[in-house]
Structures are given as C-alpha cells and as structure tokens.
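Same chain, two partners: chain A is paired with chain B first, then with chain C.
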Partner chain A sequence: MSPRIRVALLALSGLILLPCAAQVIAGLPAFGSTIAQYGERINAITPEARHVANMVSAINFDLRGLDTLGEEFMLLAAITGTVVLLRGRRGEGNSERAMRRPGRAVIPRSEATVLACRIAGPLTGLFGLYVVLHATVTPGGGFQGGVILASGTLLIYLGEGYAGWRDAIRSHWLDALEGGGALLFALCGLAPMLVGAAFMQNILPLGTFRDLFSGGLMPVENLGVALAVAGGFTQLFLEFMEETREAEEPDEPGEETA
Partner chain B sequence: MTVILPLLFLLTAVSGTAVVLVRDPTRQIFAIAINGLVLTILFDALQAPDVALSELAVGSAAVPLLFLVALMAVRTQAPGEES
Partner chain C sequence: MSVLPYAVAAWLFGVGLYGIATSRNFIHLVGCLGVCQSATYVLLLGLGYRWGSIAPIFYDHPPGTPAVDPVMQALVLTDIVVGATLTALLLVLTVQAYKRGGSLDPEKLRPMRAGGKSGQRQDAGHTSGRVSEGGRKAS
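Let's look at the complex of A and B:
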C-alpha cells in the first residue's frame, strides 16, 4: 500500500468516523452528573442480594464472573507466552554475574537500603494480604492485592541481592501458584454444576453484610485470582530479571534442536 | 473539590505530554511512573479507588520496572553483537 493511498484511506475514514464520534461525545452525560442507571441498580440490589459492600468485586466475581474468568486465562496465556519467549539457560542459577555497562561505576548496596527493604518488605506483604482478603468489603481485591504481593517480592531483590532473591523464590512454585489459581477459579465455576445449579452460580452461604467472609463463592474466586496474579507477576519479574544476568555463552534459541 | 479536579486534569495533561516529549528512554520510564501516580490520584479524586489501586500497582510499579530491566538488557549488549 503506497503512502498516498494510506493518507487517502485515513482521510476517508476520518470523514466518516469523526462526525459519529462527535455525535456520541455530545450525547454523553455531563461531567460529574448523576451515576448511570446500571450503577444505581447495582448499588440498590447487590447489598441485599449478595451481602457484599464492594460493588466492584460483586460485579467482577458474581454478576460478570464469566468475564473475569476470561481475563484470568488471558493473563495466564500472556505470561505463558512471555516465559516461552524469555526462558533460556541464562540466569537459571543464582551465581551468575550481573551484566555491566562498560565505564559505569558500580555502587555497592548501602546498609540503609537493606534495612529499609527488610522493614518495608513484610509490611508490603501484609498490606497485599489485607487487600486480597478484604475484597468484598473494601476497595481492592485479588488482582490489586496479587500485584502488591508480587511487587513486595522485588524488595527482597533490592535488599538481599539477586542470589538472595532467587533463593527465596522458586520458579516451580510460581508455576503452581499461577496455574493453581486459574484452576481454582475455573473449579468455582464448575462446582455449582455438580449440585444442579448454573455455571458459577453463588451456592455458598452469603454470610453477613460487611463481614470479612461475605459473598459466598466470591472470596474463593478472589483467592484464585490473587494466587494466579501474584504467581504470574512474580514469574514475569523473574523472567525479566534473568535477562540482566551475564550469559556464559550466548543462548541462541533452538540451539539444542539444531 | 472544585479546585482539585481541574488541577489534577492539568497535571495529567502535563505529565502525559512529558512522557512523549522526554526523549531519553531512562527518563521516559520515570515519566511514565509519575504519570501513573498522577492518574492514581485523579482516579481516587473521582471516587474510583479500585481503579486507582490497579493503576498504582501496575502503572507506576510493575510496568516501569519491566521497562527498566528490558532497557538495561538492551544497553549492556555491545553494539553490533547479535543476541
């Protein structure tokens, strides 16, 4: 396609699409006006029907649970793809030297960094667990808490160095966490079918409104998401960090098969 | 609230433009992280704490870190050396 045709195509599509977009934007409710009808319905129905205080979790894990299941496997597929692309022999052990940029000073880790990481690391983990557990009560949930937990493990790298980080985090456990979390979510969908209910129907007792274990099946699904996200993101960090290690010999993709 | 929201919109516009205008990749990564932080505050001011928490965890912690590592892995390879 020559550049001239491309510009003509752009102008043509702009001519058609821009008025439509302008019309839609003009039809939007004004900024800061009343909540949309769907939101009002959710706010009115969910506390009584599901005993859940955090509407976002109620939508994610119950009313629109199937969408979240799809997203869960999307994340699993994305991380699997990254691991397949990046996993080589580089950085598998914990003794490989970090790559150095020539001419750049190497500053040793200060004791203040180590101390700050040792204090902040457990606190970050605790906060991540809090966000995960209170999914049905306060803002947050499995995804947010899982990412916080995964980021917390990076403080081990910052404080203890690469070797300490690799000692603390086992790649196989991360695989199990990631796959197990997704499996748990899928089982939450299938288990109600064993007792004759619909896929992902909330069959567990709903619990008390504003209680930690309210929402029936939601805390279980939330736990599945938290496990998958925490394991998946840590795996992602691990694979990327391995790329900064110095390879003893260049690892060509497919060199074993060639 | 009437002062805070326009101020936050302005900050979002400024930090978003900064991400585009900063040309040094390392500084660009920090510009992205700052933009994520500004968006987090904006979402919180618009009463969307769930989205704010996601933006904080992903936009200003996880993504910049992956970019930093990727950039470092690219830079340490000598020019002309194929990986």
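Let's look at the complex of A and C:
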C-alpha cells in the first residue's frame, strides 16, 4: 500500500469516526464537575476499612489487587520477551562479565562526575527505598520506587563506567529479583487461601492509620512489585547495553553482522 | 464547562495515529505509539479530576475531604510502567528487524518465510540468509 493511499484511508476512517467521537465527548461529564461513584465510595470507605492513607496504593494492592497481579505478569512477560530476543542471538555464554567493543576507546570520566555519581547513586537508592516503604502512607509505591531504585543503579554506571557497573551487577541476580518479585506477589494472593480466606484477602493485622506498617498484606505485595520493577528495568538496560557490544572473540564468523 | 482536556487527549491521539500511518522509521513509529499512549493518560486523569479536590491521600487532610478519583490514578500508574516495558520490547523488535533486513523503514519490511529466506532483493538476500543461519546455529 502506498503511503498516499494509507493517509487517504486514515483520513476517511477519521471522518467516519469523528461524529461518533464528538458525540461521546459531548456525553462525558463536564471536566472537573464530578467523579465516578466508584472512586467516591473508595475515598469514603477505604481509610477506615483498610487503615491506609494512600488510596492509589489501596486500589493497586488490595481492592483491585487481582488486576495489578495481571499487570505484574504483563510486565514480566514484556521483559522476558525483550531478554529472550536480545540474549537468544547472543547466547548465554557471555552473560557473566562485561563485553568489550573492540576499537572503541574508553573515555575516562572526570573526577567531578565520579564523585557526584558516588554521592547521588546511593542517595537515589535510599530515596527509592523510602518511596517503596511509604506506599500506604504517602504518595509512593512499588512501581515508582522500583523505577527510582533502577535509576540509582544507572548512576553507578554513569560514575564507574560499564565494566565497573557489570562487576557490581550480576545478570542472574536481576533475573531472580524480577521473577522473585512476581512470585512474592502471587504468593501473597495464594497464602490467604491456606487459612480458608479468599484469594488475596487481606488477612494480616491492618495496623494503625498513618503508620508505616499499616495495610496488612499491602506492604508485602508492594515489596514484590518494587523488586520486580527494579530488577526488570535494570535488566532491560543491561541487555540493551550488551547489544551494543561484542564478545572479544566471536565464536562464529556468522555472528558478526552489523 | 470545559472540554479542553478531552480535546487535548483527542488531538494527541490523532497526531500519534497520523505519525504511525506515515512513519518511515521504526524508532519514530515507537515514539508515535508513545504519543498515542499519552492521550490515554490525559483522558483518564481528566475524567478523574474535580475542581477543589485534594489528591486521594489522606495523610495531611482528614479522611472525608473531597478528593479526586483514585481509580484513574491507579490505572495511569500501572499504564505508564507497562507502557515503558512494552516500548523496550518494540525497540528490541526494531533491532531485530534492522539486523534481518538492514533497514528501519516499515515499507521495506518483507514477510518472513520458512527456512530463513526473506523476500529481499537479490543483493540483500545473501546477507539476511547468513544472519538467520548464524542465529540458528547459536540457538
């Protein structure tokens, strides 16, 4: 199909869909006037029923925890697909240490960069941990905290260079983090069934409102998500970095294609 | 009544869709998909907003204070994380397509055939055959 026909087709379908879309938009509640009843009820009931202050975490890890479990496995599947596609061609053999790109100079980093990264990297990790732990109390949670933790490891890369980063980070640890996090979340769903409760029913003591350990099962599930997200995003970065490099001696001549 | 947030969402989606339809580069295409996806963020957050409400976190404010819809925020939160990993997956597919066909242009993408023979032109066919053979040996 030529590009011109494709654009014409897009314009045609857009013209057909435009009145329908306009009608739907006109039927939406006016912006800022009201919110859905479901959210309203959650805001009214949940602080008392679950002893948590952060409604978003309460939805993600308790009220709609099953949906988040699905999202979690979507995340796992996407990262697994990425790793399989990248590593499948390269083979498992070289996953232990950093590969070098022949003919590419290693540019030394300035001392200021190294110092700034050595200070900011652990601080970013600490902040990520703080965001993860305070999921039920303040804005935070496993998704955001996990991404911040992964950024902390990237600062190590920025300061120490790729070889140093690979010395600190093992690929199979990341696999274990990612899979273990998803497993922890799934086990949090299955464990209540051992005592006769429903799947993912919050059976742990709920704690006190506005306390760090409030929410019963929620902080545990949250930790699982944080581990999976932090491991997964670091793994993604590692595999993409490996892709730009080659083994020092390619095994087969067929491998070295640009 | 203001329809501006919904109009912005529709505009973002339309622009992204136009980019996808006319894209001549896979990386550009993945970026356009990201633009389409941000339209859903704007739409969801716009639907969940209410004037004069606080964020749905009752730490500084007592429970019962009018707050915006937390369901939409939870949806957007998971949407962003899963979207980021899916972008990574699509970029990997881009890398593989480039290695196989030697081009980032979706127009030049040919169907894959069994036996590693892709429908390339004569000069490119040799290279792609070699790549797939090497890949098969490695796996």
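By definition in this document, the second predicted complex is superposed on the first by the 205 of 258 C-alpha atoms of A that agree within 3 Å, B and C clash if a C-alpha of one lies under 4 Å from a C-alpha of the other, contacts with A are read in each partner's own complex, and residues count from 1 in each chain.
One rule holds in what follows: a residue touches a chain if its C-beta (ideal position, glycine included) is under 8 Å from a C-beta of that chain, and two chains touch if they have at least 3 such contacts.
Everything numeric in this text was worked out from a predicted model, so none of it was measured.
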Touching partner for A:Gln23 - first (chain B), second (chain C), both, neither: neither
First (chain B), second (chain C), both or neither touched by A:Thr34: second
Which of chain B and chain C A:Ser110 touches, first, second, both or neither: neither
Partner chain in contact with A:Gly141 - chain B first, chain C second, else both or neither: both
Touched partner set for A:Val131, first chain B, second chain C, both or neither: first
First (chain B), second (chain C), both or neither touched by A:Val56: both
Which superposed partner A:Ser151 touches (first chain B, second chain C, both, neither): first
Comparing the two partners chain B and chain C, which touches a greater set of residues in chain A: C
Touching partner for A:Met241 - first (chain B), second (chain C), both, neither: first
On chain A, the residue positions that both chain B and chain C contact, one per complex: 54, 56, 139, 141, 143-144, 147, 233, 236, 240, 243
Complex interface listing, chain C residues touching chain A: 1-7, 10, 14, 17-18, 21-22, 46-51, 53, 55-59, 63-64, 67-74, 77-78, 80-82, 84-86, 88-89, 91-93, 95-96, 99, 107, 127, 130-131, 133-135, 137-139
Chain A - residues contacting chain C, complex: 3, 6-7, 10, 14, 21, 25, 28-36, 38-40, 42-44, 47-48, 53-56, 58-60, 64, 67-68, 71, 74-75, 78-79, 81-82, 85-86, 88-91, 137-139, 141, 143-144, 147, 210, 229, 232-233, 236, 240, 243, 251-252, 254-255, 257
Chain B-facing residues of chain A, complex: 54, 56, 99-101, 131, 139-141, 143-144, 147-148, 150-151, 154, 233, 236-237, 240-241, 243-244, 250
Sites on chain B touched by chain A in the complex: 49-50, 52-54, 57-58, 61-62, 65-66, 69-70, 72-73, 75-76, 83
